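Let me give you the structure first, and then I'll get to my questions.
For reference, chains read A, B, C, D, E and F in written order, and residue numbers begin at 1 within each chain.
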């Protein structure tokens, strides 16, 4: 019944993830980028509807996002221009995070963090909104007094994604 | 301000519930079944729209699910066949769990666990998805180093449920 | 990595917020009102779709809710009559709360609590339901053995709200 | 509509156009020409036992209050205030002698009379004739606890409408002297499914069972399907659309699954002709045209263990083209003991409730079918309905209607579609 | 459409068909024949005080930019690039001298002229005449800060369109020499409600108050309803559709709820005829045809405590059959002090904002009503509009239009529906 | 439909009606008259390399199984059981020699033949002729790995349909002897966007790049736009609708971005005429009428660093008026090494996948445009298509079709719309 990971760590990681969501939803993208390790990766695979017994449903090759910290920084520089039309006006996103599970990672000082994320998105003066649901599996690392993302892996729960573009982060 | 239940227990139960959701969403149904005590019950009442002052809104008689561990096992055996068409291809469900409250149960060693669950369901290549919202009230019991469900009680928040079948668990 | 606020406090506040949601969703509005300090305020600003660089998106003047404890009590007295048609039959609401961040408040003994809330609402025998997403920023205060809301501030994530009335609390 | 004018001949040749299963024009026709004329199921008497009891139901897109008035009379009215059209009753069930509109306060008795109008003098100066502004009445009729309503003042009587199908309904409704009762309120859910494929399926689609519910054979619920599965009878009432499939398994004890006492009862509640047939009936799956169905079936939650005979009644309520809402009840014999009722209900929830293992697969197939039927290519296709076209009716059949000596056949469907066409195609 | 051709006679006999409250065909007609012809409300001058200020609004399904150009002129244009139709302004409010399209970069002045076209030479070889491709202009007119727009170049002037209703609008718009201002941006929300029932309600439905807002009497906001509630006047402008209900409570001090200073003001800003009426007016609830409404009312957040007079202006913006979006503003007197404005706004939020206790119940009723009105049975029904058919107009009425000496009556509505029909039924 | 009858003349004068971008009537016409006649893209051979492999795709609202049968033949069929219309294949991709319907168990070979019918004797008494009830066949044709299907038995051959556009497709399809393969399954998402604006954009809208993707210039991905951006060619196949824009930047090395080895290859795989043009081509953006597009472009994820040449193929799949679903593939040269393929794919994801920085802005503009085009005022407006009307075709152009010596022009679009009209307006 006791978990391998101390409650102190668990709560600290829960807070880290909540702060990440807040940075995204408050559009503090530089703060968000700072939460990634220099060697951090950001990955979202393409999902395909397959039969029950299929070998895979998340493509081992195709990805929606396939970024390292450098390309993430490019995405953010883009959002900082006045010409990122997809976010003009800015989307109102809310990352509703739940089901956080913290476990020791493969490498010492790292942790495997699994969570669910329901992302609400509202744009312009439209009453209609988008909701996307995702599973996340992150690897984080201690860095002095803070956490860093070594790997953000997220999979959307649709094979046909019901939003006209993915100009926000999962 | 201090709760009757120790933080250690609370975090442990939170983890237990998150692991349960993961087992369901990853379709590890046997793992899920193992989380039930031998005398475990699984119950979802039928909801009826009544006036504000009505005696009940959740039918004291009608139930959507009314299972013991043996019938749950039947449902899972069914899902293991190649002929459970309702789940062919498998639904992509995500149980977004929140508002977990842990309190001592009536019997020693048991706890009353209340939570909210928003279930997202996507099927096939359809962009449309289902969302059902539920309140859960579980009784769990310590069993050596792990928790067991003695009673899973969940009520959907609709009187006309907006999904074409309930081939997933709440 | 350690947070300024003790885990004990954090868990206690998480529980407080979950109990608040439960009071609302179980329509124990008097219990809910008791969670407010005598000088408590309840505020929901009007949101406007503005360009990325606009001075504000949440109106500094217009508010959807602008209540003190006395007017909240009026709203509840109204709901207790047989003539609050907007809630006849009662809405089935479920406050799905997440991303709770607890930090020390400006005044001693107070805490700033930020959270996300996805509110599901079902009415009558309609299969269609409403979902509203909100960000909350509360100030709470210790009062002997319990917490009290000094200020509930919530902002909806839409500028055109997709529900026909706001007869429930955020 | 071209499709419909050609449809008559097609049916005789065992063909039905695909498009009718998901088409906006068809839905518009059904709303007025079909559901505006037929007797639609509203509820069961045991749902409103006492004066003042009511449930709200639908006929097509019309919300109906089904109530038992203060004199114990059952009556049905459109759930709409005559003043500005507000919904006057907002609950699915309850008890009330009057309904007061929440907009301007008009008050109606549950029997429909308008009895209260604020400012009748000071506002209307006596101009408003209250007797002209009661709730819109819906004609009701009953059979053995079933309550039907029709929007057509000139419709034939319910008895004439059922046209002998009562004989077969009794297998569901008369397991004992006191008949049946609903175990509790119905399951209710919405689906992107056309109501007609459900109604067809439940008027005797023995063909789908071994495949659509193959898991059931796999898990050992049934003896392996095969030739025996085809044993039984398909019966329909020509021109009325009602039909039933009766499955027979040689060697099963008569009335298997019923408690002794009930079987005793039936000797008196049922006619000899009924007893002869029902005793041999394992499964009875039937539809009262257009959209009320029944299934009775012996079932044991744990394969192999002795089972009970559960009975489900379901209403396939259409809400749009290729869109419906489901009502599913469990009926139990009033005279059975509490334990039997409880066990029957548990069998129902596991098999045919909203989360029922058989229900789940039916709705998955029906929803996929409905989507495909709405595509542009499908619109010009026909489906084959040629099973049993050469079958001769059973000559010494003790019951009404036309019976054929086979369980897997489509005789019932052809009659069902011809009847449907006679309404929608305005041939009546 | 049959319904409409018969409707004229029905109205005279005090009947209006139910179907018009939720019908796709009606909505198609309204989009072009009604909203393509009338003067629609776009905004208040205080929303765009400075050059470059703009808000985006709608006329039916057309998105409109309402802007104050660099010369301070108010102008309105379709928010659509002429090149490929992209939306050029994506905010609800802001300040900009030009709008640049984000697809190919065409640039328009906020006054509508097309001033920038990339590749004008290198791509169009001078073929494109920029003067032909400015933004689609919408005619605007104003009255006391209210800005209206019409899509009909041949529409009569706004003044003629208002046809004397200005006299009554002044109760909302001229509480002082500087008139009113919006307190802040409007509440905005969507509802499955037909805009017309809202517009009718706010053209003087004193009938619904004691019931739809019964809680208010229960909580002691109002003196118990009863005979006194019927005191007041209903006034409409024949053939124009505009109407107002004026509620009067004997014994209330004149202009109750206004600050002293403002009442002083009004002696100069209002005519004697207006003063005579407004002084006696407790509640003024009126509609500028088709879908702009106002309500002014003394109100105290805590029952029994001295209240203030809040004023709400609301636009019932139709977005589909039985579907709308709401704009709700609070208007405050420019000359009032900050504290009064703040208290008036708080009263507004508690009573008539999106979470307002009165607002909530109205929309619940209206939404239920709209759903029922869309059902197939409802389509052939009519609603009674017979209140006050025998009333004689007040002879010595100091204001324009037809006034009757009663608060609970339907004279205003009959004129409103006749006017609506004159557009939608193409009798004009 | 009035709009369409007038449209022919308008196009010649460089005008296209706005309403066609979001109109229910247009969509109804497109479903049958356009998508019922044209060759629609179904998939790439590398998606179904082995016998039994299949993917499911759509032609308009028809779900299609594209499979390689057991003899290696490519075939396509409607994904609908002929018995009652159930969907027989429920996955987007997989491998199966047969499809068994989950409702009544009919079994089809992946080549379409109906080979299994339960109760064929015991139910149908041999009446059912299986050969009549195979899956509905869709005619297929291929070019260099691209698989197309048509619902029209009388349609011209694919070769004739492409009408010479193959010459230009080769820039995407023949970078080496083994051609191209898909890197993996496509991105797929839904949008409230009209498919036609996407198809137009990708048939050579060089005009939008400097504005819609202005951030790219800002971040230094491209040399500052300007006169040089207009260099290149626009080519279309008259009467066929196919078109391509070829962007040229002086000074860039030939085939910039390709690995040495591939450039070597092309000397043999491409004709001299093709080499002359392609060597000078920086960007090639083209559309096979009606809704399959390609883009090839050298790109470096980090501005300034040496880039690769990625190639995206996209299908703008219409699902309703102003509504679509997107398929976006990345094509890579079969003969390139794994590292190049990987780098090309990464460039694709960052630029043109579902989360691609360029993709994002296009869909934002297109979605806003579609919404505006559906408004009632927009319905009577026209858009200008006058660019390059005075341009003379290049006389010594080595390829088929009509080429003009300019990158920013609308010659391609006018031909595209005239072709669209020839289908939807039934002039063919």
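In this text, a residue touches a chain if its C-beta (ideal position, glycine included) is under 8 Å from a C-beta of that chain, and two chains touch if they have at least 3 such contacts.
Nothing here was measured: the structure is a model prediction, and the numbers come from that model.
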Shared touch partners for chain D + chain F come out as B, E
Any chain touching chain A and chain D at once appears in the list B, C, E, F
Moving step by step through touching chains, the smallest count that connects chain B to chain E is 2
Counting C-beta pairs in contact for C-D and for B-D, the higher total belongs to B-D
Outermost chain relative to chain C, judged by CA means, is F
Interface of copies chain D and chain E: same or different residues on the two sides (over or under half shared)? different
Per the C-alpha centroid definition, the whole-Å distance linking chain B and chain F comes out as 45
Cα centroid separation, chain E vs chain F, in Å, comes to 48
Multi-chain contacts in chain A, i.e. residues touching at least two other chains, fall at 7, 11, 49-51, 83, 85, 87-89, 96, 98, 118, 124-125, 127, 131, 159-162
Where chain F touches two or more other chains simultaneously, the residues are 90-92, 102, 188-190, 212, 325, 361, 364-365
Chain pairs satisfying touch are A-B, A-C, A-E, A-F, B-C, B-D, B-F, C-D, C-E, D-E, D-F, E-F
The residues of chain D that touch chain B in their complex are 90-94, 183-193, 212-215, 218-219, 301-303, 325, 330, 345-346, 349-350, 353-355, 357, 359-361, 363-365, 367
Note: in the complex, chain B contacts chain F through residues 83, 85, 88-89, 124-125, 127
Residue set of chain A touching chain F in the complex reads 44, 46, 48-51, 54, 59-67, 70-71, 74-75, 77-78, 81, 83-88, 159-167
Within their complex, chain B touches chain A through residues 7-8, 11-12, 15-16, 18-19, 21-22, 25, 82, 87-90, 92-98, 118, 120, 122, 124-129, 131, 142, 145-147
Within the complex, chain C is touched by chain D residues 56, 90-92, 102, 188-190, 325
